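A short worksheet on the structure shown next.
Chain IDs A, B, C and D follow the sequence of writing; residue 1 opens each chain.
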Amino acid sequence: MIAKSIRENLQGMWSLLVGMKVTGKNFVQPNITVHYPRQTVASLEGYRGHVELVPHDKDPTKSKCIACSNCVRICPNSCITMKAVKPKKKAEDKEAAGDQSEGKKKAPAKKAKPELQSFILDYNYCSLCGQCAELCPTGALRFSSNVYLAGFTRQEFVIDLLARLQRQAQTKGAPNG
Amino acid sequence: MIEAIPIQLVIMLVGLAATMAFVGLNAIVLVYLERKVAGFIHRRPGPYEVGPHGILQPFADGLKLVGKQIFTPKGADSFLYWLAPMISMAPAVVCFLVIPFGPHLQIINTNVGLVLILAFTGVNVLALCIAGWTSQNKYSLLGAARGVSQSVAYEIPLLLSVLPIIFLTGTFNLFDIATNQGSWPWQWFVVTQPLAFIIFFICALAETNRAPFDLPEAESELTAGFHTEYSGMGFALFFLSEYAYMVIAACVGAILFLGGFKGPIVDGWWWFLAKVYILLLIMIWIRWTFPRVRFDQLLNICWKWLIPLAILNLLITLLVIAL
Amino acid sequence: MNLDLRLDTSGDFYAQKFQPTKREDTLILNMGPQHPSTHGVLRIILEIDGEYIVRAQPVLGYIHRMHEKMAEVMSYPQYLPNPARTDYLHALAWGWAHVGAVERLMGLEVPERAEFIRVITCELNRINSHLLWWGAYLLDLGAFTPIMYAFDDREIIMDIMQRVTGSRLTYCYYRFGGVSGDIDDRFVSETREQCARMKERFKMYKALVTENFILRKRVEEIGEISVDTCRRYGATGPVLRGSGQEYDVRRAEPYSVYDRFDFNIPAYNDCDAMGRYLVRMDEMQESIKIIEQALDALPEGDFIHPKAPKRAKPPAGDVYFAVEGARGKIGMHLVSDGGKSAYRLKLRAPGFSNLSLFGEVSQGTLISDAVSILGSLDLVIPEIDR
Amino acid sequence: MSDQAEKSVTAPEKEEAAKTEEKVPLYTGYDLDYFVTPKDLIDAVRKLDQAGFFLEDISCLDMKEGFQLVYHFDRFDQPGRVGLRVMQDRENHDVPSIHHIYPGADWHERECFDFFGIRFKGHPNLLPLLLDPDHQGPPPLIKDESARKSLEELYPDRVTTPVNIEDEQFTREITNCSNPKYRNPS
């Protein structure tokens, strides 16, 4: 019994040496961490930042949004508020505008489309589920890839996406992703 | 007037100042080393931002600890509470006085050097005990209880593993023990006494509360054990003394088993420092590799394995000497 | 100094309800809700004799968010991100349980490709969950390094998942009738690469940890839970399989396309923490086996049912749907009244049942062992508290 | 599964929702589903215990008739889910605790006490489990009077009369209960 115990303990000691060999081997191998401020990670593809408005094909300061407020209704945390005014008449069209107006948006002369005034996202409460972007009939919402978003107050995360879109359009013709 | 001050006292005071500086310097180097080694084992850079390659990190840590609020828990005996870290630190400094760093670099060459070190390192347990008891915290109390039984238990195999060396050299004088060994590795006592060295090393880990024997401060069980409540310099002193005891253990190990300052080609303090740091590196390496043992296992290792083995080793050594 | 540490009259509701027994020499120790080894905000009130536990009582609710009420308030699609927040480590299994329950009540068919994508992503998520458990468990036992290696692997899997799902932890990927986005060739090749890499890593994990003498001593013969104890407390998952019972929802109530894959259900008869440890280590390898088979057999087709309703509205009735999560059987009891939100959604958290046996199992063990047992149960407190 | 012909439903709801409106659910997850009286509960649970079942969870619903407690049981070696439904009066709670048969039920019952305020008879430790002990107001999952639905509305065409558990058939059924999809791996 003693012999067995000794053998077991010797094997145990050997296993400890094996463990030290593993850590020793790792010790001499190069780092795998990214030195953040000097390097940045490459794997940002697919990263979901807050949602942003997709600029209109013709006018980069305008959004594709038709103010159907599907996104407002689906949002689990009610973090989207949108303000839109309807130019002139035709009130009854606004209900139908939500569903299938893919083709109609190119003909602004006929229908009185609601004009988007502001599109405010309260990013503090967003759970990034992506249902607003999926549900959008015109594809006017997408995820930004802004990883380095940081702020000191909660107020900084209440973002007017339309203003942001216009700002982006002004600073540069191309969207910065 | 001048003659009235004994030269011994002057040497001692200068020596004390020097050892204090040495302890501080060592702690700084060790903190940095430990964090860097841990980093590399984890495949990360370790401290990197403060100074080139994070070399100033220990200073930043120190500054932070000094700047922290000194906080005494409600209901704690504040005198004893703050005495504990000092009791922990003071003996560590004394121990360095008798360590021969080089052929001509020793503050006090005394015949009871080894006994002095073994005696003074034992005082540390008192600090643990006081800290745990006066913290008015159940975790601290449990940590202290663990610390006391661990230290007391491991004193025995530690002494038993040192005894063969004393029998072989016939002296407690650390300088003589070092000079008793040759310059080349095969002339060191580690070759003739490998078992004693292993037992000594395990006991040294346990006595200095290093992983895998860091039970008194077992983070995942007792949050931080006996120093749970300490903040600022109180914690810093415990921290410092822990590293100081590590260095002492490594120094004694280097002297007893690795020939101290003796080394190939030219003897000197450089060999001594190199050996000490190799031992320290192994301690750090062990810490970042193994899980923690359980308390009863810790005592089982001591009573069932280390003490019998140490006694066996001692008897064999005596037999060989007698023959 | 107050020497009588037993009579802590200043304690809160639960501490006062936890009256010490008649013994004079015991100590009441409040472990948590902020404690390094309770993984979040679990609180356990212990009565200890020295370091031996006389009695243990977990106190829950520190991260209770009333997910069940939210299900009654939100519409079905709005509730989609919620299950991921209950168990953030195996978010997809919870999402699957919710989506699956609604789909079954609606009689909604899921395209085959979507089922395969679900299997692949869910298993990747399971590996991630077990890896984190592995690292955190070793952290409980005092080894600091394994969690870093585990995170090395986790990062790669999370990168793979991020490309498809958009998130790294609290995935909201499954939709009623499919998934929210298709996988591409790069996902397939990266997943294959990672599977190959993981096989090598397991060897390293085994050498570093599984065969480590100290670890074995810390987990072998610790926290023995018999199958009958599991049965009486309703413990499932690796806790049950660590007691030797081969019970896995993927086999017992095959859902999705799990019945098409060849995989083992690891079970160990030792009933101890080592058994549970080994079960999880083996399960990661089984998951890799499943992923590889699923990638080989990945069919073409839709990733979501083309007629999947945007606003789910299941008919009146109730359904119980269970999936196998990393911690055990995740159950969703969904009662619908035909409205656009659930009439009642009961979440069965596996950790809830697994933790409930802790009080019995921890009796007479050391504090260190209790930490080891607690870790081996693999608790995720948000899931228990819901 | 949902390949039935598109009918023009008069419901004002969305088309796809209406499509599944009148369908009988194919999958319920229950292999056996019984209503039992509170008096019979202990005996029924004891029989399930003897048949080797484990308790999955205890769910509860607030409805017009009062509370409905749903006990879910499943089995390890021969999987198959049994649901036991117990109706409770809104005021007088006479449902017994089953913690002495299944200790795991302790927490599930405390949870029901938390969320619905159901007082289980004989429960040793009926304290709030998930909610704050200082929680004020009614239990959170109690529905408004107007939101409550009746048994017929929730479970259309289902037998809601309590089963006679003394019957041999009950014992036979639970012993033979098995999930049809379960295949023995060997």
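Remarks
We take it that a residue touches a chain if its C-beta (ideal position, glycine included) is under 8 Å from a C-beta of that chain, and two chains touch if they have at least 3 such contacts.
Just so you know, these numbers come straight off a predicted model, no measurement behind them.
When the C-beta pairs in contact are tallied for A-B and for A-C, the bigger tally goes to A-C. With centres set at the average Cα position, the gap from chain A to chain B is 53 Å.
Centre to centre, using the average C-alpha position, chain A and chain C are separated by 27 Å. Note on chain placement: the centre of chain B and the centre of chain C lie 43 Å apart, centres being C-alpha means.
In this assembly, the C-alpha centroid of chain A lies 40 Å from the C-alpha centroid of chain D.
Residue positions 145, 149, 152, 208-209, 212, 214, 217, 310 of chain C are each in touch with at least two other chains. Residue numbers of chain D whose C-beta contacts span two or more other chains: none are found.
Multi-chain contact residues of chain B (touching two or more other chains) are listed as 41-44, 288-290.
Contact between chains, using the touch rule, shows up for A-B, A-C, B-C, C-D.
Put simply, chain B touches chain A in their complex at residues 37, 40-45, 48, 285-286, 288-290, 305. In the complex of the two chains, the chain C residues touching chain A come out as 74-75, 77-82, 85, 145, 149, 152, 159, 162-167, 170, 172, 175, 180, 204, 207-209, 211-214, 216-217, 310.
Within the complex, the chain C residues that touch chain B are 1-2, 5, 27, 29, 35-37, 50-51, 138-145, 148-149, 152, 208-209, 212, 214-215, 217-218, 366-369, 371. On the chain C side of its complex with chain D, the touching residues are 12-14, 17, 60-61, 64, 66, 68-69, 72, 104-109, 227, 230-235, 240, 245-247, 251-254, 259, 265, 307-322, 329, 331, 333, 335-338, 343-344, 346, 348, 352-353, 356-357, 360, 385-386. Listed in rising order, the residues of chain A touching chain B in the complex are 9, 16, 19-20, 22-24, 26-33, 35.
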